[in-house]
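Below are two complexes that have subunit A in common, paired first with subunit B and then with subunit C.
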Partner chain A sequence: MPNFPALFRKVKSFSVSIREIILPFFLWMLTPFLILVAAFITNGIIIFLFGYNPIEAYVAATKVTFGSLRGVGETLVKSTPFLMTGLSVAIAFRCGIWNIGAEGQFLIGALAATWFGTKIAVLLPNTPWIAVPLCLSMAVVAGGLWGIIPAVLKVTRGVNEVISTIMLNYVAINFVSLMIDGGPLQETSKTGPQSDPIAEWVFLPRLSEFLPRLFESHRIHIGIGIAVILAIALTFVLFRTTFGFQLRAVGEGAAAAKAAGISIAHNTLRVFFISGALAGLGGAIEIMALVPHRLTENFSPDYGYTAIAVALLAKLHPLVTVATALLFGALAKGSFAMEAEVGISRQVTLMMQAIILLFVIGSSAVKFFRKRAL
Partner chain B sequence: MDIIAILEDILAATIRGATPLLLAALGEVVAQRAGVINIGIEGMMLIGALFGWVGSFYFAELLFFAPWIGLLIAGFSGLVTAALFAFFAIRLRGDQVVIGTAITLLALGFTEVVYVRLFGQTGSLQSVPYFKQFDVPLLSQIPFFGDALFSHNIIVYLAFLLVPCVYFFLYHTQLGLRVRACGEHPKAISTVGSSVSLLRTISLLFAGAMAGIGGGYLSLADVPYFTPGMTTGRGFIALAIVIFGKWHPIKTSGAALLFGLGFALDNRFQAFGWDIQYQWFLMLPFALCLAVLAGFVGKAEAPLALGKPYDPSE
Partner chain C sequence: METDNILELQHVTKTFGDLVAVDNVDFELQAGEIHAILGENGAGKSTLMNLIYGLHQPSGGSIHISGKPKIFKSPRDAIANGIGMVHQHFMLIENLTVAENIALTVAQFSSRDGKTDSIESDLKSVSQENGIPSKLSTFRYKKNDAIRLTEALSQRFGLAVDPSVLVRTLSVGLKQRVEILKALAVDARILILDEPTAVLSPQEVTDFFTILRALQSDNRSIIFISHKMKEVLEISDRITVLRHGKKVYNGKTGERSARGLAREMLGEELSEVERKQNKATTDLVLNISGLTVLGSRNETAVLDVSIQTYRGEIVGIAGVDGNGQRELAEAIMGLRPSKFGTVEILGMQPSGTKNIRRCGVGYIPEDRRTMGIITSFSIAENLMLNIMHFEHLAKHGIISQKAKNRAAMQLIDTYDIRPPFANIPAAALSGGNQQKIVLAREISPQPELLVAVNPTRGLDINAAQYVHQNLLAQRDRKKSVLLISTELDEVLQMSDRLYVMSRGKLIEATTHRENIETLGLLMMGEAATNA
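Take a look at the complex of A and B:
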């Protein structure tokens, strides 16, 4: 005979969980979803006004991104830099820090990885088990330190981080150019503005090395796994640790947090380091995982700025960022198909990102959505 | 080349390079003085560059007037972009940093889509009527300075004439005083019965139009054609210039010249075979801006209410 009271309690608790957990979650997810729908429609109308067929364009983009295993793999590969920089922005914005510098931190991370992969790795020949983690941590430290600069300026001199991070982006862009165009990291043949490829044993392993039949010549690499694990870890840190609590408290209201004894300066420094480190790691993963494995000019197609859209659309939640990064990766991948089949410039994705951002702003101005914001 | 000719060349290039930066920065000074931080200048310049060039392209039969119409359209398109900014930043009180980023991304995508629509993927460079060199009578006859200072296209002179105008407006008119008060203490402006939203919107529209004209300069005077992404960060340099110029129109023009010098030198360094990498000069403006912000090169005081949306109910 079944234990009816216990079963009843279970059913009841299940219905409670629907009411208290699942339903609010769907309501919480409603805003990003509606924003996306609205952005796709708006963008479609603009595409239509330009005389292209938006439905044809979207179908072409979807087919190439999710239509095959290879397409999904490519989408994952494309979304990794969006995820890394998106996480970087999300964690900073959570703390009320307007880090617009993911672009520069990404580049500095890539630069560090290139330096390690071309100059230092030769000292450790054929030792991927040492070289790869060392190279990644090099990028983490470099990106983090680059992120610390605006933090120090803010804490000690009261410099607004929006402006300082924008300026540092351009310092980083020109510094990279300095290094690879006439500088010490330029390729040995000195022909173009690019570095040598990094040493082979610093490459990130690909899935095709472990499952050659299933993933033959796919570009899926373990950097994607690293990024997703980091997203999960950051969720834990944000919502289940004292540090995460302090960080969010500063973001919600610096004055109240300060009154509660939380050090704003400490948090600013720590968050900026983590934020920079994440973006830097993203840059290193791109260098170490993807052909041609070298640093070139225009290495980042505005990842750092797109990251703001990625993070805000995800309501600054690290786990949701995985989903939005995937979407932006799909957009990046799909844009090539749109260009090839419909003829519209693939930079239309930048327009799409901007429309998403504007809808995010617009939605937070509407009361219904504001209650559900963040 | 003798040293005089080199100096003359560098001075002339400095002024030409500074002009688009100055145009955009003058607008930004007014906007920031009103309390709006517009980091979408880059986008507005790009939009202006595209539409200015498109305007001159379609009105090419008017020959002399074509670039003027182009410049007008450039300014207007910048103004429309700024109106979009104003709607989100002032009407909806959204975050100005996010909106500025969105405007820049929007312009980067939009201009490229339009360009490809008009001229296809390969897009051969279409030359349009542009602003020709205009030697100021008499003044251009002065040795050395004549060629360096008074043999430019007309926009260069107009841009530098605007500097005292903006200065006069901000510091010697009642409206200018109110604009500045908007950026320092918006509540005070509300209290005396002026509309903070209106003042900020007007300032922002002015900034947009100026950025558009600055962009138009690039595609109508600097070179007679448009290429996607041709502003190459000049909008952000204009932002740096405003800070370096400490939110003051005259100091801003000095800063624009300094940064123009950076451009002039970087173009010429390799030609002279000097053994310094030109990227140092490209990096300098941004590093200097950081130094100014940190107070190592005199203290810069940003307008108090800069970047803060004004909510009258607070």
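Take a look at the complex of A and C:
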């Protein structure tokens, strides 16, 4: 005879978990989902107005991004910088720190990796097991320290981080130019504004090295894995550790956090370092994983700014950021397909990103006013 | 049936999920009546008012205005039907002037609903003489028109306030006046006042009652929500008592004694807090000497204050709001730098809130919604929002979910926090239950020193008594309590030694009830010049 009471309890606890965990999660995710639907429709209308068939365009984009193993791999590759910078933004915003500087931190990380890969790696020839982790840590430290600058300004002088981080982005962009255009990191032949490729043993391993037959000439690299693991780790840190608790407390209610004995200054410094480090690591992964393995001008197509949309669309949740980064990666990849097969300019993708961001901001404004009305 | 009920609720019910907040309540309000609603926290008073004001829609029953059934989809509908509400937390724009705040309301409603006709006609007679505008444009803000309108309103209702000052700079009492003016500006015939006296000093309450009487004689109706029996008996014509969402009593004021009403409210006899006589020890806990603290606007908020507290005593600091109590408490907690002087706790001079808390100091802040709790956090998270707590619950920085939930459920149980779910956001709780979270968190570790600022503000009798018992328990455990409160009754009842704070200075006072008038004078800063 089956154990009915126990069975009943199980069914009951399952229905409870549906009501208390799964349902709220879906409701919570409903807004981002609706935002996406609205953005796709709006963008479809624009495509239509330009005289193209939006459905044809979307189908072409979907086919290229998710229609084959290679397509999926390429989408993942394109998603990685969005994920790294998205995590950087998410963690900072969670703490109530409006770090708009992921762009600069990303570039500084890339710069550090390039410096290491072109100048230091030669001292450690053919030692990927040392050189790769060392190069990654170099970028982490560089990005983190770059992030510390606005933190120190904020903590000691009360400088608004929105302004200081935006300004530091320009500093970073021009500093990179200085370095690779006539500076010490310019390529040895001194022909263009770019660095030498980094040493081969600092390249990030690709999946094709382990499974050559299945992934032959695919670009999938372990940087993607690093980024996803970091997303999981950050989720754990945010919701299961004292550090994450303090960080969220500062973000949600600074006055209450302060009264509880949580130091706003310490958390600002720590979070800025982590945020900068994540973006910096993202920059390094791009250099170390992708051909041409060198730092060029316009190295980042505004990853650091798009990251704000990526993070906000994910409601600043690191795990959901994986999904939204994937979406932005797919958009980037799909834009090629739409151009090649339907003839729609790639600028449309940029428009799409902007429309998503507008809807994200619009939805929070709606929430804000509804709260106000109550 | 023909009645002169301006507002009538019939069998109104409101449910939130499984919770029945308002249960089949009938309610009548006559023109020109002050109708008080009494009830504990969570008795459904606020929900009932929100139903009338259109913030919530009833799950059952109907609302009638002057005999006609109405459905309010939002406060906009309610306002259009002549209902105004003054919330416990003011809905003013702090960085605008009084006139601008009034103008915003008027412009919003006059243009769309055309419902301000009567106030305009009221004002028209005045306006013809003085050139006061009868209407404000929605699109163009004319400063002088707004100021003249505000002046006319405040003259007409005897609510004196300077139209051209920033709301931010006003005292709480004056802000409340602006709120009332805002409601009157769109010609509210029914005014809902949610705990209006909670934030006022005794003198301000007297003025406030004069205003209410004036409004009453203007044939406006007032729904007055309060915990304070004395005030309800003084001002109201009729009283309705709610308990657990149900109407348990309705009658003319004076029909029942205060004690009888309290019994209706609580469903049981009221008991006074018992107070054992206590021998103060000579063990110093808090030693403040020569403390001077600057306020938020760089004014001297606390001036050369010296005070000691010993183990096993409650030291009370009475005073009217805004005389430096908040700054004093914040300086003790390390939340505000001190300019001169020292704060010693158990012989140490810890720096920073973290270290001060590590010395064993608990803090019940004045402003629970911003400093006490984080409303978006769950109850469990709020219950561990103290550096001592969450560090204790964690191993190597990782918080044990089991330990966290167990600790939360235990505190929810002990302090009777309702609803008793660890993982719902604190925003879903009533003010009293939010305060219980703060109490549970700050008192349960039995701190050596407890700094409590207005710990019972906005609480009902039962909850307040509960707080008092907890403070006394701290004393009986030979801990030290610094009780800073604007409730004179409270400090008199609770304190072993008493000070009065006025304009940043501390004056020692006696705890004898007979000296209550002297205390009142000290609080108003009168006797300070004689001393």
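One rule holds for everything that comes next: the second predicted complex is superposed on the first by the 366 of 374 C-alpha atoms of A that agree within 3 Å, B and C clash if a C-alpha of one lies under 4 Å from a C-alpha of the other, contacts with A are read in each partner's own complex, and residues count from 1 in each chain.
Here, contacts are C-beta pairs under 8 Å (C-beta built on N, C-alpha and C of every residue); 3 or more make two chains touch, one makes a residue touch a chain.
Remember, it's a predicted structure, so these values are computed and weren't measured experimentally.
Look at A:72: by the touch rule set out above, it reaches neither subunit B nor subunit C.
Look at A:59: by the touch rule set out above, it reaches neither subunit B nor subunit C. Looking at the shared chain after the overlay, A:249 reaches subunit C, while subunit B stays out of its contact range. Once the two structures are overlaid, the count of subunit A residues touched is higher for B than for its counterpart among subunit B and subunit C.
Of the two partner chains, subunit C is the only one that A:240 touches; subunit B does not reach it. When the two structures are aligned on the shared chain, A:261 is found in touch with subunit C, with no touch to subunit B. Shared contact residues on subunit A (touching subunit B in one structure, subunit C in the other): none found.
Residue ranges of subunit C in contact with subunit A, taken from their complex: 55, 74-75, 333, 335, 352-354, 356-358, 363, 365, 367, 370-377, 381, 384-388, 390-391, 394, 397-399, 401, 423. Put simply, subunit A touches subunit B in their complex at residues 50-51, 98, 100, 153, 157, 159-160, 162-164, 166-171, 173-175, 177-178, 181-183, 302, 305-306, 308-309, 312, 339, 343-345, 347-355, 357-358, 360-362, 364-365. Chain contact summary for the complex, subunit A toward subunit C: residues 20, 240-243, 245-246, 248-249, 252-253, 255-263, 373-374. By the touch criterion stated above, subunit B contacts subunit A in their complex at residues 37, 39, 84, 88, 92-95, 97-99, 101-106, 108-110, 112-117, 121, 228, 233, 236-237, 239-240, 243, 277, 279-280, 282-283, 285-287, 289-290, 293-295, 302, 306-307.
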